[in-house]
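This is the structure I have questions about; it appears just below.
Each chain gets a letter, A, B, C, D and E, in the order it is written, and its residues are counted from 1.
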């Protein structure tokens, strides 16, 4: 077993208790002014503690562990100059460096939507600067053989999850259906609400769908033996590190995603390699698995999955597209948001939760059978993935909200600027189904893109 | 003065300060428009001690003062709404039958007219005008109506309004209504703001009366003086200060002789006064300092300070007291009586006085109320006029038995709005007054080490709500402007003033409230409405920058350009 | 115990004579002379003229003085029966200002003969620097050295009182005696 | 009280509120970065060198910073007039500082420290050669041999003059820090003292 | 040291006080407690409001405006100048063209003389003072 993903450095922790306060599942405990600890059995690895922690390796105090040693312990590059904080996550960047240096390894990388609106910040750009082109260019420059995109898989998720929702509604399946993109949320249901597991969509998260495809469809396209493929995911999330290591995530016959690094780790790598990120010319993501729509892109913000699903599901259900694609009623920052969509005689009720601490009352409602909605989106982090535990850490607390809002705005402006904004209209998705998967919820799709939560639970 | 003369026959304080020392349970002090502890501290102490002994205290003031802290009832009225408040008090007194029926029948006239007016002022209606809750008006009326004795004290808070005379008459009506006249511990007592206002009036320094309030328009009076002075006395009533300024504008007044005054600081709408005095052909100023007024004079005569000359002052309670020479005047300065007599002589009129006593002697022969007062008597005692004969003990209480004019007259007055009220452009109300450490235009007190030390610069009082709305914090430099000018000062954020009201003084030449005040006058006395005008307030800068470094308020001097700030718009004359 | 001067809010009219008396007593010169020299004015007593209350406030000479205990340079000490400041030691750090619960300690300008610090103008060069006046701590010293407190003597309203340790002791002793008598009144109820 | 607000304002923390999170230190270091204020931790390429210091002890924690003393001992001690008053801040002109450390000794609060200077994550060297056998200065993290000594200057709180509010105050999650305006503080305290006197007088009159 | 009993020059209360004089300088003020309205008390102005008498700003000689500047003049010169100008206006335009503002801070005797000068010498009843202010 690898080292725990989220830990608190006992030497650096001042016991201020801010992580304890922010932890949505009460996994952190400690007395004031004494170092705190994470209970890994409760922790859902959202990394909000990492984001808020301000106990750093002050030069005004003496620590038994040297900085060099500490960087090594944390799996960080030795050239990292930024201050180190008590609450931190396990770094995995050294394995990426090693893989990139292996000549016979075919490296494929995918990037989550929220990465492209945040990584620029690590290079001095304003909050939420949209840099998909530079991101792709940087990844190419680092030597990845294929630079694919999680957004593509997000579109695919909509195809599968949309189809599943329609299926559940039409065939009186278990409702409301819960989204399953957020690994912290899935872990939370497994850990603390396993009686509600059948509400979870059976879809894998976009990261895992992408991973499976890279080592099957992708490898086939490039004529590569999947055994030689090393698949890396760049994520705004710390829990994705856990997700990729789940034992069942091997539909491709291999571990679907080999390694997850965070936005911050990627930025550190780019600096380590001496790449001047800000002056990189824009480059596109590689085809076909880097092609995405606006719907896939907004997965990074709370309400984004819901909006993307509605854009497609409503059209699939009724045959007519929604009159407008700006579904303002599912956007927002409140902890719990509810909306009813009436379109061509179809009425869909949805609920969106941003921040896991708000989900309790909604789950109680479901448990009591009083939930009158069809679809529930839950994201662990306060604004969705843009505020994830692996995102660039904001220095001044007074700027937190501004930063999150900026990133969110970046995502939506990107969506708006794209010509294709509905997942089912993604040409490469259509092609994928035609050439490889068959149809949504079909046999191949089910095998590669879905998982059985009940079974996973039993396996643990 | 005019108001009281109409109702009682004399404008002076009816009773004596010493009576405060004997007030206690059953007695009431009714203080209206007077910040007594700051402006008349010694009288203020006596009032507070009387309250401690058990006397009731009713205070009418829009501002919280030390007096309001000790009040049994504090009527926090809107500036300028005095008549409505007083009439409502009268209304409640009449409604409950607390009026002095016997006294009214015997000693007063015009009661029925007054009753008609008072009947209209229901407390709830007055509450709307004055902002004072009706219950408080009733409480005050009950105390006044049921007290054995009620002594009313007032100052400029009552008179410096366009309705000043009405205010005074409304005050007087309350005293007459409750029979609180002509006895100890009662009366209508205007407290004079300056040491010898009473004396200056008594001496006939008024355009309509000769010494002792002898009407200049009365033939027998003129004949008496003509005989004594050997010249004809002009019959036509003279001009008041505001009319003199108008006269200059019209070119009718050619020369002005200003003796020991500084209208360029004390009068409302300073910019206007300055314009007039610069225009007059001959301006003579006799003073001890080169005041703002003296600076624009054609001739300046150096007078003597109070400690450098002999004479008499008459205090607010009509008490004549000696002023004695303690030191020699500096340089070529001369006692003012000497300057005046030499000047009179230079104009070819006999005036060979060698000592003020000689002048006093001449005066008392012509002035019945002073007739019994002499330097010899003043050596060992002080005397309150009227003192008609050498063996008369003086008069501590006026109107004993009956009022001087025979019967006290009820003069009903109706509430009128102040001349200028806040509007969109000038949304706040300014009221002016004094602080304890300073006196009038500050020419004397600001030249005193300790007094300058405790109150070195103007502090404009503003309510925390208004301050918050204007982003003003305590100590910020602010600008206060009206239709007549703009001044800079320091903000004092305090609940001493109510929301919408700002308070400032006229002690500081660099930020004088009188740059802003309105020249609108009471139609009878021409007392200007210094207590109400509309202003706008804005923040200039916060004291984050070291004020000392930027030169602001350095050693009490004005920031450059403040004094010369042009009027923002023309004053309505 | 330390003596102290205390104001009576029921009597004070806020005339500020105590402030001037205090300032003058510590300059030891007639005010006319101070006026001529333009001596800065510093009073150790302050009249609070608030809407709710008018009273003079000054140092209570606390037995466990927060000001003295907060001072990083030991410039505030107990001397005989009062809390005294040693101006020469003060660095103007304002700790005492924060510590005093009465707002009775001030940092004032003082012309002392010792090394000064300089003020740099906003955008000026090093040449434009000017010497900064010294600022040192100042508070009531009960007019130690000039007899009885000047503020108490001058107050026209007799609103200031010098409370001496013996007087306090006497006063509380009297209260005890009175209350002992009161207990006797209801003694039977206790039986 | 001749004029309003002549005393220097300063920041002070309420030990009762402080939870010891070090946000104040981070915020301080961040806004004092030479270039632009960095937004994220990844931009903090220079070591964190705050101008206030969290002191942690068994009684709890509280940051200590400059009081902007009126007769600032640091300024009086400085032999090259590098420390002067500018507006109401005791201010270090780094270009004048010679690193003599006298100010460090003079400050009774420990609020002043001599710090090595970095730019873009690299030590700023000065024209002071290192002896070939001299020990590593520790400035460079990369560990390459240096030839010149790193520049050191006195560093202290400048109350973020230029910002609307000091960064430590603005960012403290507990609102434990505040700017004290001494005169305003005095007025407030005196007012409270007067109110308590009034209460006493009213209750125990005579 | 000499003590002179006199009346306070400030508000109208009429407090009496002793001026303590040394070398033609007021060094101290003591309240009068006998037969006085103030009963041995004085406010801040009464106690500390006498410095102005010794102010450096005191006028020390008559001034006449010559070529726009106020310049020192002798009493003789000043009296003659004023007398001739006032008499000229009185003669030419009548007493009404001349106004006098008397002083609420000067003595009764001086106020009496002032109004007498205006009325008897210059024939004008336009004499007033700042009672209203």
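Following the convention adopted for this analysis, contacts are C-beta pairs under 8 Å (C-beta built on N, C-alpha and C of every residue); 3 or more make two chains touch, one makes a residue touch a chain.
Quick caveat: nothing in here was measured; it's all calculated off a predicted structure.
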{"item": "Starting at subunit D, fewest touch steps before arriving at subunit E", "value": "2"}
{"item": "Any chain in contact with subunit A as well as subunit B", "value": "D"}
{"item": "Chain pair, B-D or A-D, that carries the greater number of C-beta contacts", "value": "A-D"}
{"item": "Reference subunit A; chain at largest CA-centroid distance", "value": "E"}
{"item": "Distance between the centres, which are taken as Cα means, of subunit C and subunit B, whole angstrom", "value": "37"}
{"item": "Inter-centroid spacing, subunit E versus subunit B (mean Cα positions, whole Å)", "value": "19"}
{"item": "Where subunit C and subunit D are represented by their mean Cα positions, the distance between them in whole Å", "value": "31"}
{"item": "Centroid spacing, where centroids are CA-atom means, of subunit C and subunit E in whole angstrom", "value": "40"}
{"item": "Sites on subunit B at which at least two other chains make contact", "value": "41-42, 45, 69, 436-437, 447-451, 453-454, 456, 549"}
{"item": "Residues within subunit E bordering two or more other chains", "value": "25-26, 38, 41-44, 47-48, 50-51, 53, 55"}
{"item": "In subunit D, residues with contacts to at least two other chains", "value": "2, 6, 87, 187, 198"}
{"item": "Touching chain combinations (by label order)", "value": "A-D, B-C, B-D, B-E, C-D, C-E"}
{"item": "Subunit D to subunit C touching residues, read off their complex", "value": "1-2, 6-8, 10, 12, 67, 69-73, 75-76, 81, 83-87, 90-91, 93, 96, 108-109, 180, 182, 185-195, 197-198, 200-202, 205"}
{"item": "Touching residues on subunit E, where the partner in the complex is subunit B", "value": "2, 4-16, 19, 21, 24-26, 35, 37-39, 41-53, 55, 57-65, 70, 75, 78-83, 85-87, 89, 93, 95-133"}
{"item": "Contact footprint of subunit C on subunit E as seen in their complex", "value": "25-28, 31, 38, 41-44, 47-48, 50-51, 53-56"}
{"item": "Residue numbers on subunit C that touch subunit D, as the complex places them", "value": "6-10, 40-43, 46, 48, 50, 52-55, 57, 72-73, 90-95, 97-98, 100-104, 106-107, 109, 115-122, 126, 129, 132, 134-136"}
{"item": "Contact footprint of subunit E on subunit C as seen in their complex", "value": "15-17, 19-21, 24, 30-32, 34-36, 154, 156-157"}
